[in-house]
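Okay, so chain A shows up in both of these, paired with chain B first and chain C after.
Now for the complex of A and B:
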């Protein structure tokens, strides 16, 4: 394979700078010692990180986002595993339609989902509740959970299960001791990708979260709409730091490329 | 045994029927309801909201702005993202993974944090972007980025760029490097190889990336809301206003449903076009 020329590498450098610039700027400004937005020039300060402690609404929103992501992703994976096994193993009428339906939250704009959930939850008395948030987040993260569990279910070698059956294992033993452990990596990476997407979701959540059930991105968004000050940059810097750590860990464990491109992702379509 | 796959899908099917299909149907219905300042939402069947959305020049302008922004974001993403995916693909092992992580990673970082970064970079007339552009001698006077369409386009292009790189990257993985080598062996220059060999093969990837980027750009909310401010409205921020400030839910629902229908039409049409144009590639 031929190498990249100097021109290509110069372009690449500019491109990477473009991609990282806004993220790095937020992290730099967060360390300003001043009371206004500025770059720390001669000295750095953690005052705006300490200041977060004075704003309990950010702290409580952070914990809410964490729980919301963990719970809704776990339920989404729990629902996705049987569906993935059905789609991977059976050829049944409506299989394509069912897969398309489960993947549809990727296609429907989150704005439309947010509006639909706001109307629906207000009508059935779940408006502005944590239960409503969980239900809506399960729906939007299911495609991520399903894609990765489906990829591992499709790649599963069925002869191992047949071997277990021929050695006298019952159906439940096969499921518990063979099938589930084999799809476990897909399950865990599916949960992780679902969690990150739930943790970052803002467009839909901004419609259904009420004061008291705001998630961290929603809290940040509403704060920025009023004014931009160093406090919100330090909160964002914390979010960026957490995401980067999670990203590197995920990349080490599963390979980010495989998770995002989903090599077997198109199999069910 | 015939019922097994349906039973396995049952939990997800129940969830989607109850929490996706019913709310979406309710929203379509909502767009036909009446609303008044004092009477609130009246569950009647009228076309008032649709007549307003389809007939009023304010809405025409707003939808035109929404799709204009989405078009330029898609163009920027394709023009800059596709070459980068190609360069990435030619990199050697450790660098390839590291830079792929750097370029795709932002996809998973909060869109609010990324947009905040652009708001800081644009920041009025003294923003870093203007300083850099003037320092390079590209512009004489500072350009307005905050509260303008240009600003929204640049920030959204950054937010959605990873999707384009991802789509082109995926199509590059299917490309046989031996074809490029054969072209070189037959005397083709590097630009001929790019234009005649690589580009036609990654075109389906660019087009599918473009469809994704366009759909996401036309319905993006946080970025146009923060960079565009309260006055420069696109479809999503207008719908948000109707729902949470004016409280005219039926009108907001009509805007959202129209956006959804327009996107479905555009995505479906584009996919048909791609399939017809590249039928021989997929066959």
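Now for the complex of A and C:
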């Protein structure tokens, strides 16, 4: 492994600082005792963390975002598995079109999706419902789920499945005992990436969510339209803390590099 | 009637015949090698026997029954793949036991048979390891054990040794032959390595462009190649005045085909000569017996048995 030269090192330091600075600033501001956004200089306070408790809609929005992300990502992964296996293995008419269709939400501005879903859901009676949120989030996160599922499906050595067949395994046994366990790392990372994107989504969701079905980012967005106090920074600090804990746990369990870079340890030699 | 019969087996991809009217009979317990360069159709033939590729025409019969009417999962064949194709998420014992589990063999008997088969391939102490914790040679043995434990009607070996380094490969060849003799399973080996085919098999099928050029015992095919392709593929050969002569059959004599030594290479147990003659460049291999041999530039006479 080659070492970084001083110039590259300086560049990397600057880059990391640039990425982390806003996050750190938000976390610092969360500890201000003042009633406006300010950098605490001499006094620190947990005032705005206690304040979250007085706004239960933030807490319920947080849980809603969590469920929304979990459910829509799980369904997206469920749809991705057969699609990825078909795309990875077979040459069939419309294969390119199917791939493009699944990836297309990446290309469409979320603003456009938001307006379209708002109109569509109102028409079919799903306007402002949690079901509507789930459906729209599935569409938005499916490219991420499919991308990583596909990567592990392509990397799968077909002779492993042939071996299982030759030993007497039926198709469903091969799927359950061989194929799914082997693509599991791809499914887990696909789910995680999809979840992050769902949890983070605000541009589209702000059109679809109604009072009572607001997600956390939407709730925060609406709050800062009317208020300039540091409550959103303390909420952000909590989300950042939860994210850090989750990342550490995921890294311990699966290895983050393997999950997000898509390197599959099963096939490494 | 032979145990395994391939009759006019053909597989076409578009206008190209990967396998072109191959007919072959294999006796029970026999070890047959399908030998040829890449693209000769040997792997496609194996895959048609295994059931992963459907023939365009022709028939495959196993013990008199039409094999093509049976699903791949029901054929009861043991296959060792070039990539080994072990189940990476299962231990060695689980890998080997998988086929027995599929047959519904009870857990206790399964453990016994898995243990016996792993002993046979010399891996009795490795049951709880995962494939990634094993060397290439050990993975190869697990793959062999996994194929043998189901007591297959036929053992199919697809380039089983090509991922091993040269020294290990030689050792595995000897071992593979001993194991096959011990269990007596009818075996089909696919390989592009003529030394491997000759070392292991009772008969070889030299294939070229989807057709069998020659079918016979290795010694016979080597000594009496049916076509120039077979002669070339099975080892170094000379084509002198339309006759093929193996380099080790040519000796330096008092009279014979006159020539001049162009190059001489020492290879330990033998010398390799290139001799310029009126009939072209001739390759000669002489055993190293410790005696003085002609050097580069020497005028020599080449003689061989049956030379006119």
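By definition in this document, the second predicted complex is superposed on the first by the 228 of 269 C-alpha atoms of A that agree within 3 Å, B and C clash if a C-alpha of one lies under 4 Å from a C-alpha of the other, contacts with A are read in each partner's own complex, and residues count from 1 in each chain.
Note that a residue touches a chain if its C-beta (ideal position, glycine included) is under 8 Å from a C-beta of that chain, and two chains touch if they have at least 3 such contacts.
All values reported here derive from a predicted model rather than from experimental measurement.
A.B. asks: Once the shared chain is lined up, is A:12 touching chain B (first), chain C (second), both, or neither of them?
C.D. replies: first
A.B. asks: For chain A, which side has the bigger count of touched residues, chain B or chain C?
C.D. replies: Counted on chain A, the partner with more touching residues turns out to be B.
A.B. asks: Can A:51 be said to touch chain B (first), chain C (second), both, or neither?
C.D. replies: neither
A.B. asks: With both complexes superposed on chain A, which partner does A:164 reach: first (chain B), second (chain C), both or neither?
C.D. replies: Second partner only, chain C.
A.B. asks: Taking the superposition on A as described, I'd like to know which of chain B and chain C A:181 touches: first, second, both or neither.
C.D. replies: A:181 contacts chain C only, not chain B.
A.B. asks: Determine where on chain A the residues touched by chain B overlap those touched by chain C, and list them.
C.D. replies: none
A.B. asks: Help me check something: in the complex, which residues belonging to chain B touch chain A?
C.D. replies: Checking each residue of chain B against chain A gives 2, 4-6, 8-9, 11-13, 15-16, 19-20, 22-24, 26-27, 30, 80, 83-84, 87-88, 90-91, 97, 99-121, 123, 128, 155, 158, 161, 166, 169-170, 173, 177, 180, 184, 215-216, 218-222, 225-226, 235-236, 239-240, 243-244, 249, 252-253, 256-257, 259-260, 263, 267.
A.B. asks: Where on chain C does chain A make contact in their complex?
C.D. replies: Its residues touching chain A are 50-52, 72-79, 81-83, 85-89, 98-99, 102-103, 132, 146-147, 150.
A.B. asks: Enumerate the contact residues on chain A facing chain C in the complex.
C.D. replies: So the residues of chain A in touch with chain C come to 157, 159-160, 162-170, 173, 178, 181-182, 265-269.
A.B. asks: Going by the contact rule at the top, pick out the chain A residues touching chain B in the complex.
C.D. replies: Touching chain B from chain A are residues 1-4, 8-9, 11-12, 15-16, 18-26, 29, 37, 78-80, 82-83, 85-87, 89-90, 92, 95, 98, 101-102, 104-105, 107-113, 115-120, 123, 135-136, 138-139, 142, 196-197, 199-200, 202-203, 206-207, 217, 220-221, 224-225, 228, 232-233, 236, 239-240, 243-244, 246-248, 251, 256-257, 260-261.
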